[in-house]
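Below is one structure, written out as structure tokens, with a few remarks after it.
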Amino acid sequence: MFANFDFDVIRRSLGYLFLDGMTFTLTLTGLATLGGIIFGTLIAMMRLSGSWLLSRIAGLYVDLMRSLPLVLVIFWFYFLVPYIGQWLTGAARPVRVGAFASSLITFTLFEAAYFSEIMRAGIQSISKGQPAAAQALGLTYAQTMRYVVLPQAFRNMLPVLLTQTIVLFQDTSLVYVLSIPDFLGAASKVAQRDGRLVEMYLFAALVYFVISCVASFGVRRLQARIAYVH
Amino acid sequence: MRPSRRDDACIDRANTNGAGSSVAGARTATLNYHWNWHVFWEPSPNGTGTYLDMLLSGLVLTIETALCAWIIALVLGAIVGVLRTLPSKAASWFGFAYVEFFRNMPLLVQLFLWFFVLPELLPRPWGLWLKQLTNAPFYTAAIGIGLFMSARVAEQTRSGINALPRGQRAAATALGLTTPQTYRYVLLPMAFRIILPPLTSEFLSTIKNTSVAITIGLIELTAEARAMQEFSFQVFEAFTAATILYLLVNIVVVVVMRFVERGVAVPGYIGGK
Amino acid sequence: MKCLRMLGLASGLALAAVLCTAQGEAEELSGTLRKIKDTGVINIGYRDSSIPFSYLDDNQKPIGFAIDICLAIVEAVKKQLKLDKLTVEFNPVTSSTRIPLLANGTIDLECGSTTNNPDRLKQVAFTNTHFLTATRFISRKSSKLNSIEDLKGKSVASTSGTTNIRQLTEANAARNLGINIIPAKEHAESFLMVETDRAVAAVLDDILLASFAAGSKEPEAYVISTDAFSKPEPYGIMLRKDDPAFKKVADDATAALYQGAEGQKLYDKWFMQKIPPKNLNLNVPIGAELKKAFAKPTDSPDPDSYKAM
């Protein structure tokens, strides 16, 4: 069955695959997670705030992002971001945005909707006594959030946030639709150039599998360790 | 999309005009894009009608693929979920391995494995037959997405069954029911009612995941929007239409599932009034 | 005395005015030239696998006939703007992203195998033609497909966003062929479909088909059809529309290149000699029509205007 397969092609392209492809994927995952959590927390706070307007806007944003396929959102932002940049900065021509920046913006904004739902659940799971006590101590809303509520919410939801990060890591492979060179894109380029589809795709599947497995195993261990009873 | 904004400043033009759009279209100096909402009624190059027909045929294919994948996911997922809750160690381990296999690989990679790798690993005549099937992308997408989602349905089923009070299983044993009978008459009916809301969002996920099949050549809604953009150069009109159609599908599914939930709810239990 | 002073003042003002306007005109850059002067960078869009026009060599660097032409344009821009340093950045594009990326400013020049036709001229501009090619299909000799009619009811691949897939789609509808059209993201993928027997034929520009056949594992197994979907159409380097200053620089640079000896040398380098990465010689002598288009550079989209005398 594996007679005329040339697995040497994997060895020859390891440098390109990992130095170019995997760094792109991991950098994108890391930065998008960071941005997504920050932006997601903001949106969660907007939804839980007293203001009807803020709450509606945040709700609509989350509903919109969760109803659309990621592939469509990737297409939207790839073509749209330079024009938005032009409108925002009042520039004379569309702002030049490269593939990485465009992907980063797409994933940050898309995943922020999912992160916001997680953070919202986290904030709501904190017992009401906490912010009440903070208010009794004279802390402002900002201080309550910063020192009392968010740290606890974040710690509670850490396993779920990390699981969503693993999902993000897998989702980055979708930039393939625009021929952007992430890990899968790099594997694909080598595969098509040398006609070695089987070898490269099997290898790519193996790498994704190992990384996700190890990461979710780590998350499970973490979950067991930080779980405490209220 | 945001309407046009007139701007007096001297702006250099990098225009993207719509093909054959001498008809209505506002030129926006700031956005440098020529809108043409009439493009939906212009004939598309593949002779099957207007661009709107193209998008609608993509929508039909999206729904067909999603439904087929969902049926596969429900059946397999329920079986595997049950396996994971069985007392037998072997079954439990198999269920665990199944779920881990499908959850730790991106959907795109899985589709590539089924579409590109599998036919090459089979004996040559079978591989050729697979490759030359007329609707190969559709079958591959339905089965690939179905298997991917089945892992998630399995997890939901498992948590649904585990959420039931332990007394249920004990009472069933006390009544003399065998394990299959326990699952069939006591555990599964209630478990499914519990997990109906998460299952709804899994179904919506399935619909969204059909767009990933654009990479193996399935010409569903997102792919048709892309083709429309390539033929007519009206990027934003095409994608806006696709966005609206996805939102509509979402709303329909959510409303229908709400009726189903209310229909099957057991009065006085879990959510039923 | 007063007269003299008035005269002096007047001539001084006139001189100042002349100097100022001259200064003003020299700095009155707009469009792409202004962008290049402001940022010091020019962005070139290249293709993955449009051999030998624009493709990646073994070190993943873009090379090709069109890339060399673009570098000549970059030299001309550098001279025109009197820049000491002009950084060239390469951006990958595909058939379906090249026009949107040119429009939204990600690239300034698209150097590949893009056909110049009236439809596209509504969105972009092209500089002088650098090649002529017709749309044909490639298939395995064993499939015995000779004419377009033989493709009836079969699976045929083509690259999305190209004139080829559009011509195939229109021919399919007009002649009622019932072809199952498989769109691919890049040219290499289209050919791969034929190699792996997923499609019986791939429809692309004939020069690209020749390159793929020559570079494949068994070049003798493939045949390019004599039947064509179109007349020989011109390739051009794409630029943004409504940017006459930049177009003039590009037109002048390409005209100088084609008319001079450099042009013929460049053509021979890519079509008559061994090229990376597999050291193949495509052996395509310059055709009479292209020779005429080099002697009298033109950016006409009309295939009929290229007929040799």
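We just call them A, B and C in the order they show up, numbering each chain from 1.
The working rule: a residue touches a chain if its C-beta (ideal position, glycine included) is under 8 Å from a C-beta of that chain, and two chains touch if they have at least 3 such contacts.
Just so it is clear, the model here is predicted, and its values are computed rather than measured.
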item: Most widely separated chain from chain A, with each centre as the mean of CA atoms; value: C
item: Which of A-C and A-B has more C-beta pairs touching across its chains; value: A-B
item: Chain centre separation in whole Å, for chain C relative to chain B (CA means); value: 39
item: CA centroid of chain A to CA centroid of chain C, Å; value: 37
item: Distance from the mean Cα position of chain B to that of chain A, given in whole angstrom; value: 20
item: Shared-contact residues (touching 2 or more other chains) in chain C; value: 100, 103-105, 185, 196
item: Where chain B touches two or more other chains at once, by residue number; value: 10, 12, 14, 32-33, 120, 215, 226, 235
item: Sites on chain A at which at least two other chains make contact; value: 79, 83, 93-94, 177, 197
item: Residues of chain A touching chain C in the complex; value: 16, 20, 78-79, 82-83, 93-99, 177-179, 181, 189, 192-193, 195, 197
item: Chain A partner contacts - residues on chain C that touch it in the complex; value: 35, 43, 48-49, 56, 60, 91-92, 94, 97, 100, 103-106, 185-186, 188-189, 192, 195-196, 216-217
item: Contacting residues of chain B [partner chain A, same complex]; value: 5, 9-12, 14, 30-33, 100-101, 103-110, 112-113, 116-117, 120-121, 204, 208-212, 214-215, 222, 225-226, 235-236, 239, 242-243, 246-247, 250
item: Touching residues (chain side chain C, partner chain B) in the complex; value: 30-31, 34, 96, 99-100, 102-105, 119, 122-123, 155, 160-161, 166, 169-170, 172-174, 180, 182-185, 196-198, 240-243
item: Footprint of chain B on chain A - complex, ascending; value: 1, 64, 67-72, 75-76, 79-80, 83, 86-87, 92-94, 170-171, 173-174, 176-177, 184, 197-198, 201-202, 204-205, 208-209, 212-213, 216
